[in-house]
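First comes the structure, then the notes that go with it.
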């Protein structure tokens, strides 16, 4: 009797909590969805989506997936070796965590994917590289910018620019455009993305003029870091951290009157940042892959799709402001299709063999790989947050001479 | 820049976070005083309180959602005690502690499920999250309010414990569990009351804490919870003023350590960053171990002896 | 007579273990990473890591009654020691991309230079043992102040030490050794464990972790059944009586703590080779809690229980219950309910039910062989007393 | 009793003070080899405290304890106690050697407990076997890898023999706590004997026993002394038992020694009758 009572109470507790949560964001994308609408049984080719759906980078990962899903809606089939295949996206959540990444990668491999896209965040890609390599399954990094992703792993390719490039662009921008002489750099401990980017920024900016600090995982108090930057009289606040942390940093920068521009990398090109910055007096500049408006037709199409799909809208943070990572995800999908076509087979080994020579002209520009598998990209967009309207204003296209 | 001017922001921020830890620490110290149980789930109840606020404000106005959130949190605290700790009252202490860890695991996983593992932004509560200027520094009003509100609540609580019947019963139970039972004190009511007070304070603490640091994730409660427990041990477990003082000390120290590199550089003690901020969390535990080794009863704790 | 019986069952156990290891080798060859069944090997690899971690925690928490929550810290030390000493010299500079690596010794390289393939194995084995020793050394230093503390104070103090260890390993000033808070990789890992036998490659990626776990657990079983194991149990059951019967509490608690940490270090090293990365950030107190829950699931005070608990925990969370997270489970398709994180909710509810209603766990204090043995005690005899 | 017998235990001017409470006040007693000596006294007289000082659980506030000719603990008041304690050495100097119970057991002093403290999860056999742990010569490694097979075998045989003597052979595989009360007492004594003590300290061995069981126990204690040649110091309330088997008796009241001597002397001592025997019924049925 007691046990029954206890169980009942436990259930009530669970329900109480669930009820609170039911009004929340709707479910993230289901694990696998076949885009094929036709009833005839085309054979299926699987593309793995190795992205964070939870954890620190969960929001960014979801936005990146959106691009792939939209592309999958537009082009649900691919012709490989004369046979039309339905493309199925298979998802695995790496939970933004390096220790969960290898297992997530393994689930994709075991489910028979021909190649893998992702991930948002470099650490998980580095961590999973070995798993992909030992299975011989090729992976295309979408926005993982740390050099180590491809340098150590033969099966990893990527379509984005690299941290040494992005760090230098940002450092030059800080020095030349913002006129900064002393920079405060903030990274997350153990995070290869922010750590790597800060490192290359400091290299380009000059180590003597930089204050570099790292905050531990699970930090909630960013006000001290703002105070640190103020106390050390820096001119620019460089914090290419996850959007979760970013939103809080922006809030604190506002309440504590930071008094210097905030600079960040491609992850900050997200509506999370825009929402956080709207109505504040914080000056934010980012470098990114894509400038909204560059391809009007594409913009209109994807916005319509996002607005028409409640799940997609929720995953995009509730509005249709495009994140660069979404566009990158979109292009990555087509690069994958090109590779499948060129391989003429769904065997990962064949795909891997042809990948180095695959090229594609995407929304974010022409994509081709160099000999270590990195994208040949030499330009980045710099954008500034308009805190009144809550949109990005284009500043300049930056290259490294 | 003068030393005071440099250090002051850290101290103010430390006092504020210390006050928030204090509100959590009271729950730990009261429960430990009575049940001799480290309620590992307490920090997670604090997180759940934050999360409920996020969801409640999505559809309800603040003047309804705040009281409703507090009531629901108290209810959860009460339920956890009844479901997870009461059946184990005669079991070894290790079992109860394991049950507490299990509850903590469950709450975190539930939160993970509900939020989808994503960061939830805490709603901005008007007035207390307004930006104000104190001693020439920009900050939010909540920073200033927290220590006063904490002390007010603690005074009320001490009054409750010293001058009401239930308070007297609590003190009796914490001194001797069995004897109080024999004297006709309804142990279960006292324990429930303890949990209700503890979770009430944690719920209030969550409003202040998350207004200050507005991101709620499933693990948000774990660290503040542990730190609050350390504060309770530091002050002498079972002692409410001890827990509060311990919490303020931990809050201030932690905040200063995060800025220690900067303080030292600005004052010319060192020339480059040495990464001391890495130890901001670890410092709490260093403090804990020092106190456990040199004064296991804490600052205000009473000595107990084992009977052979 | 009793001895003979014990010896016989020991032999049976030995043969069963050998057969199991042989089976693992065979599975290692026939299941390829792209097969669906590869999850079985993943589970075996991770499961053996956690089984070892759980058993070593059980030695301390279950057998000696010392409630310590510092396991993740010792595993961290093991993982880092192992990783640092097995990174090949060619990869070292890429791994330490922001630092100038201070330790440039790679055991497998040193020994493979002189001894070839066997040298690699020896190097890996030495690194694993060193990993355990480093954890044990640190446990000794930590044990001096904290082992005097009583139950829950001990728990919180060891938990604190684990957090301190984690912070130290993430400190940027130690970057040349630990690579700061960044991950270590490219060291000897399971996917590189291969044997070349007359042209054909024999994969050992599952065999190695399983073997390490098997050997370590066997040693723990031997310790538990020795006079020291009995002394540990005496301390758990009644400290005062144990002390009065001449058991030096401080010494025996320390022995148990150091031994347990040694194997936690070995488990950490094995975890590093299975995950192919090592990063301090992953060794949080949540890991300790998970291991503790495995121990509870299997039964506190039962070695085979811990192994079963760990294997069950890992296979459920990594494999069987995956469907709960991804839309459909057992043919029920409900993406609204079965979404990310539901698996863990179901899992934690199940664990709470075990904690509350089946407090003894799966095995209680029994061991697997006990189940096959007939209970000698007849009810009649009890009545006669 | 011959005078030249070796002294096993000597307690010299021992005072034990907890805060303001003086539990044992200036106690002197000695136990010679082969004797059975009893400490009696009403509840709260400080008997168990004296026991705990002797066995190393507490360090005394003042005084010395000698065991087997060696001084095992010596202490003089220090710190706060200097003011509270007004003994002859007060304020002079302080010096404490604090042996732990396990060290004393290794020296040859074994005890039982007033509220039986057996290892609950273990069998009768294992309970006794563990007491042999202190006699081991193996370290962790040799023990784990069975380098101590011979020693282990020998210890097991000794335990079997011991169980035979105390009459617990038939229940050796039962859980210790499943035994009836009287047998648990026997088991505790057997466990203490397994450490091969010179001095056996029994803390109220007959507590909670009926007259018949007490009778058996009295017999048993005598047997033990004769068979093992062990010296016994016991605390007891049961007058019959004490008077039957004790060679000498010490009487404590409010921490002070009020009488000592052979049973006949004690029985006729006025002070003892006043302080203790008058309230014996209360003491027996608390």
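Think of it as A, B, C and D in the order they're written, each chain with its own count starting at 1.
One rule holds for everything that comes next: contacts are C-beta pairs under 8 Å (C-beta built on N, C-alpha and C of every residue); 3 or more make two chains touch, one makes a residue touch a chain.
From a predicted model like this one, the values you see are computed outputs, not experimental measurements.
Q: If I average the Cα coordinates per chain and compare with the overall Cα mean, which chain comes out closest?
A: Taking the mean of all protein C-alpha atoms as reference, the closest chain is C.
Q: Taking each chain's centre as the mean of its CA atoms, which one is most distant from chain C?
A: Computed centres place D farthest from chain C.
Q: Between chain A and chain C, what distance separates the C-alpha centroids? Give it in angstrom.
A: Averaging C-alpha atoms per chain gives centres 34 Å apart.
Q: Determine the centre-to-centre distance between chain B and chain D, using the mean Cα coordinates as centres, and give it in whole Å.
A: 48
Q: Per the centroid of Cα atoms for each chain, what is the distance between chain A and chain D, given in Å?
A: Measuring from centre to centre gives 73 Å for this pair.
Q: Roughly how far is chain C from chain D, centre to centre by C-alpha average, rounded to an integer in Å?
A: Result: the chain centres lie 44 Å from each other.
Q: Please set out, as single numbers or ranges, the residues of chain B touching at least two other chains.
A: Counting only residues that touch two or more other chains, chain B contributes 83, 87, 110, 112-114, 116-117, 219, 222, 273, 275, 278, 281, 308.
Q: Could you list which residues of chain D touch at least two other chains?
A: As it turns out, chain D has residues touching two or more other chains at 57, 113.
Q: Multi-chain contacts only, two chains or more: what residues does chain C have there?
A: 167, 170, 172, 181, 240, 339-341, 345, 349, 352, 356 - these are the residues of chain C that touch more than one other chain.
Q: Provide the residue numbers of chain C that touch chain B in the complex, in ascending order.
A: Touch residues, chain C against chain B: 61, 65, 67, 145-146, 148-149, 151-153, 155-157, 159-161, 163-164, 166-168, 170-173, 181, 240, 285-286, 289-290, 292-293, 296, 300, 339-342, 344-345, 347-349, 351-352, 355-356, 359.
Q: Report the residues of chain C in contact with chain D in the complex, numbered from low to high.
A: 3, 219, 222-223, 226-228, 230-231, 233-234, 236-238, 240-249, 255, 259, 301, 365, 376-377, 382, 385
Q: For the complex, give me every residue of chain B touching chain C.
A: Counting only chain B, the residues touching chain C are 36-38, 83-84, 87-88, 91, 93-95, 97-99, 101-106, 109-110, 112-114, 116-117, 219, 222, 226, 229-230, 233, 273-275, 278-279, 281-282, 284-286, 288-289, 292-293, 296, 308.
Q: Report the residues of chain B in contact with chain A in the complex, numbered from low to high.
A: 1, 6, 9-10, 13, 17, 48, 51-52, 55-56, 58-59, 72, 75-76, 79-80, 82-83, 87, 110, 112-119, 121, 131, 137-140, 209, 212-215, 217, 219-220, 222-224, 255, 258-259, 261-263, 265-266, 273, 275, 277-278, 280-281
Q: In their shared complex, at which residues does chain D touch chain C?
A: The contact residues of chain D facing chain C are 55, 57, 100-103, 105-106, 110-111, 113, 117-122, 126, 129-134, 136, 138, 140, 143-146, 148, 152-153, 155, 171, 173-174, 178, 180, 191-192, 195.
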